[in-house]
Amino acid sequence: MQSNHRYRTNEHDQANRGLIEMAQCPRMPHRPFQQFRDDRALGNARISDSKHLGISRFMRLDSAAYEDGALHGRTKELLGLVASAVLRCNDCIDYHVEQCVNAGYSKAEIEDALNVALVVGGSIFIPHLRHALLSLDELLEERSRSTRTE
Amino acid sequence: MQSNHRYRTNEHDQANRGLIEMAQCPRMPHRPFQQFRDDRALGNARISDSKHLGISRFMRLDSAAYEDGALHGRTKELLGLVASAVLRCNDCIDYHVEQCVNAGYSKAEIEDALNVALVVGGSIFIPHLRHALLSLDELLEERSRSTRTE
Amino acid sequence: MQSNHRYRTNEHDQANRGLIEMAQCPRMPHRPFQQFRDDRALGNARISDSKHLGISRFMRLDSAAYEDGALHGRTKELLGLVASAVLRCNDCIDYHVEQCVNAGYSKAEIEDALNVALVVGGSIFIPHLRHALLSLDELLEERSRSTRTE
Amino acid sequence: MQSNHRYRTNEHDQANRGLIEMAQCPRMPHRPFQQFRDDRALGNARISDSKHLGISRFMRLDSAAYEDGALHGRTKELLGLVASAVLRCNDCIDYHVEQCVNAGYSKAEIEDALNVALVVGGSIFIPHLRHALLSLDELLEERSRSTRTE
Amino acid sequence: MQSNHRYRTNEHDQANRGLIEMAQCPRMPHRPFQQFRDDRALGNARISDSKHLGISRFMRLDSAAYEDGALHGRTKELLGLVASAVLRCNDCIDYHVEQCVNAGYSKAEIEDALNVALVVGGSIFIPHLRHALLSLDELLEERSRSTRTE
Amino acid sequence: MQSNHRYRTNEHDQANRGLIEMAQCPRMPHRPFQQFRDDRALGNARISDSKHLGISRFMRLDSAAYEDGALHGRTKELLGLVASAVLRCNDCIDYHVEQCVNAGYSKAEIEDALNVALVVGGSIFIPHLRHALLSLDELLEERSRSTRTE
């Protein structure tokens, strides 16, 4: 009664992917990265508008945590990515994936970090892994384009 | 100043539902189940593309966890649903609701499992309960249609 | 290689916000509050349809938790907001922000409560803080309009 | 085969409690509050020893979040308690229960706040509710003794 | 510099176990199950003492969730175990392991349920898996002794 | 009524620390690291005893995640520490602090990683930060002793 086929079905997923690409699917299932940037900018502008001293101090503290210290800022971006990943926050994941791409990490390195998050966080992280990998591809493509035109 | 009416207001909700149905509301508030399937297929295809051995092994391990073992696979689908529910992941809930419907569980049985998640997980689970029940209805309707046409 | 500019960049965010407002951006990045109300009404109607006694009892218990008791219901709305905030559930945050606005709390008071959530919950809460503040503005604007016309 | 008696069994629990009190049980199952104070003092001393600027700034920010602002510090102690409760951290619960007792809240008021946490957080919070209530009793007894001797 | 040997090292763990058993280690690292029962009875007695209507109603609702309904109570005990496991609460795990043992589940069945929790919840669950398996052994031993003497 | 002194009170903590050191306090509030090692060895031996194929495969996968790959194993130990920290699991923190010390990270580097966890995870992480720092001191002392005697 139950066909217990899960993530293994490469054939099935490949087929599905083909269908999606062929169908010229009118909506894009994955949030385009620029939408995240716009939403984040809008929301951060609202946070900046707040007169609450505690909130603005927290924002500075958050910012400072990723600057060079005993560890390189670059290493800490990877820590921020894995922390965001296991806490399962797509917006935080997107932010840190971009920071990691900007910091020069390769696709394989970022996937290796996400694998740590997958093992620590379990299968509940899989939907976020999907999201992270699609964002990663978009950002690497963007970086590659900007490098070619420089 | 504050009218503390909450979920009780059946009259109010009934009215609201009427309004929504009558208004032929141009957007569908609940994500259609097919959109989840497409998004998941796209993301899983991206995961399959990854060359990371750890990731592909995790996927197989996840798949194997729901196969028949000391417990029936069918029972473990229910465990997967409740685990996803208390961890509050809509994509995981949708996946396991579908697996449970495919495994032949009735509406009343799935609601009984979701009630365990509600009591264990608390009111913070309520938005996910709404989501799960709307997905459940859509899938039961789909199953009922497919049974009639067979 | 890495420009570690984060939330500080007021100039940048201000500019971005300007761009967004000027561009008459065809999609609204932040979910309009009315959409949440409609989705919630639809989902709650579905919950009411359930014949599961445990679920309907839980709904009443949830409702009763915010009524006047040893603490004022008004105070407990604030507790509900902070609980929803640190558990990072946007739907629950939206519900409780509206309850707090209806209970007469000021913008500064609600931001002060959200600051507690930010310190307790950490930077992983920031995307939800953005959401909460944009909802708050929309609801305060609505309250202000309804007060003027009364 | 299974006697599904759970928390209801007042007779049983009363009996058990009697047994425990009668047995002059040589170990105290609940951590004495003073042990928490000592552990916390030791750990905070270690935090103070750290030369990390980010850590010491975070500590100040945390402290400031509960000072009088748009909301009374007293109200924010209650917010801190509920936030700690739904995030299920016994040390944080103990700290905030003590702050709430020092702020003059009554037993009934603190139980009413914990009830919000119970409904929001669900039955997974019950072991922490047990802990919180036993700490509360110990602290109220301590406050009552110190008031009598003043 | 780093010997990255982790859980694999069967030889090492076997050796360690031998050492522990040989050393007649004066303290028992794993909390004896009876201690959990005593602590829980004490805490539940305190909860029963509370006059808060919401709290006592929640307790009854929690109790009712595991009674026979659309699903057998026996099945729901397994759901309760997995929910407790992925939410990583040792007291809740102990309670539900005992309920599952009382309901007649075998060692292999309970381990199969815990494997679902491990895959869903990830390696962060491993310390709780250790705890659950040690409790399980103790309870199975107890059940086996009580069956022999009947 | 309320003395809202929190973590700031250096004088108070210094005094307390003095008291604790002077009192030659007969119990050690912080779990000695060797106890964690023994408990973990005992529990891992029990996991190894399990015949469940899924569990033993998960253990190998977990182990493999920290071996050299696209990223150095050494870097991934730091990722494991921060993931454990924000998920607030003391046993996992202890394990990864030891791995990081074995990998040669300095006190300042490990504190810098823990600061990322503190900012991401919020004040709810503070009790775990206390735990992590006390474990760190014990392990650095142990490393320093073993280096001197080599």
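All chains are identified by letter, namely A, B, C, D, E and F, in their written order; residue positions are counted from 1 within each chain.
Definition applied: a residue touches a chain if its C-beta (ideal position, glycine included) is under 8 Å from a C-beta of that chain, and two chains touch if they have at least 3 such contacts.
This is a predicted model, so every value here is computed, not measured.
Using the contact threshold fixed earlier, the set of chains in contact with both chain B and chain E is A, C, D, F.
When the interfaces A-E and E-F are ranked by C-beta pairs in contact, the top one is E-F. Averaged C-alpha coordinates give centres for chain A and chain B that are 24 Å from one another. With centres defined as mean CA coordinates, chain E is found 37 Å away from chain C. Under the contact definition stated at the top, the residues of chain D that touch 2 or more other chains are 52, 54, 58, 61-62, 65-66, 69-70, 83-84, 86-87, 108, 111-112, 115, 118-121, 123-124. If touching chains are joined by edges, the resulting network of the protein chains shown connects every chain directly with every other.
On chain F, the positions that touch chain B within their shared complex are 52-54, 57-58, 61, 64-65, 69-70. Partner chain D is touched in their complex by these residues of chain E: 35, 38-48, 50-52, 54-55, 58-60, 62-63, 65-67, 73-74, 77, 83-84, 87, 89, 91-92, 99, 102-104. Touching chain E in their complex are the following residues of chain A: 86, 118-125. Residues 61-62, 65-66, 69-71, 75-76, 78-80, 82-87, 106, 108-109, 111-113, 115-117, 119-121 of chain B touch chain E in their complex.
For chain F in complex with chain D, the residues that touch the partner chain are 1-4, 6-8, 10, 13-14, 16-17, 20, 25, 29-30, 88, 108, 111-112, 114-115, 118-119, 123-124, 126-127, 129-131, 133-134, 137.
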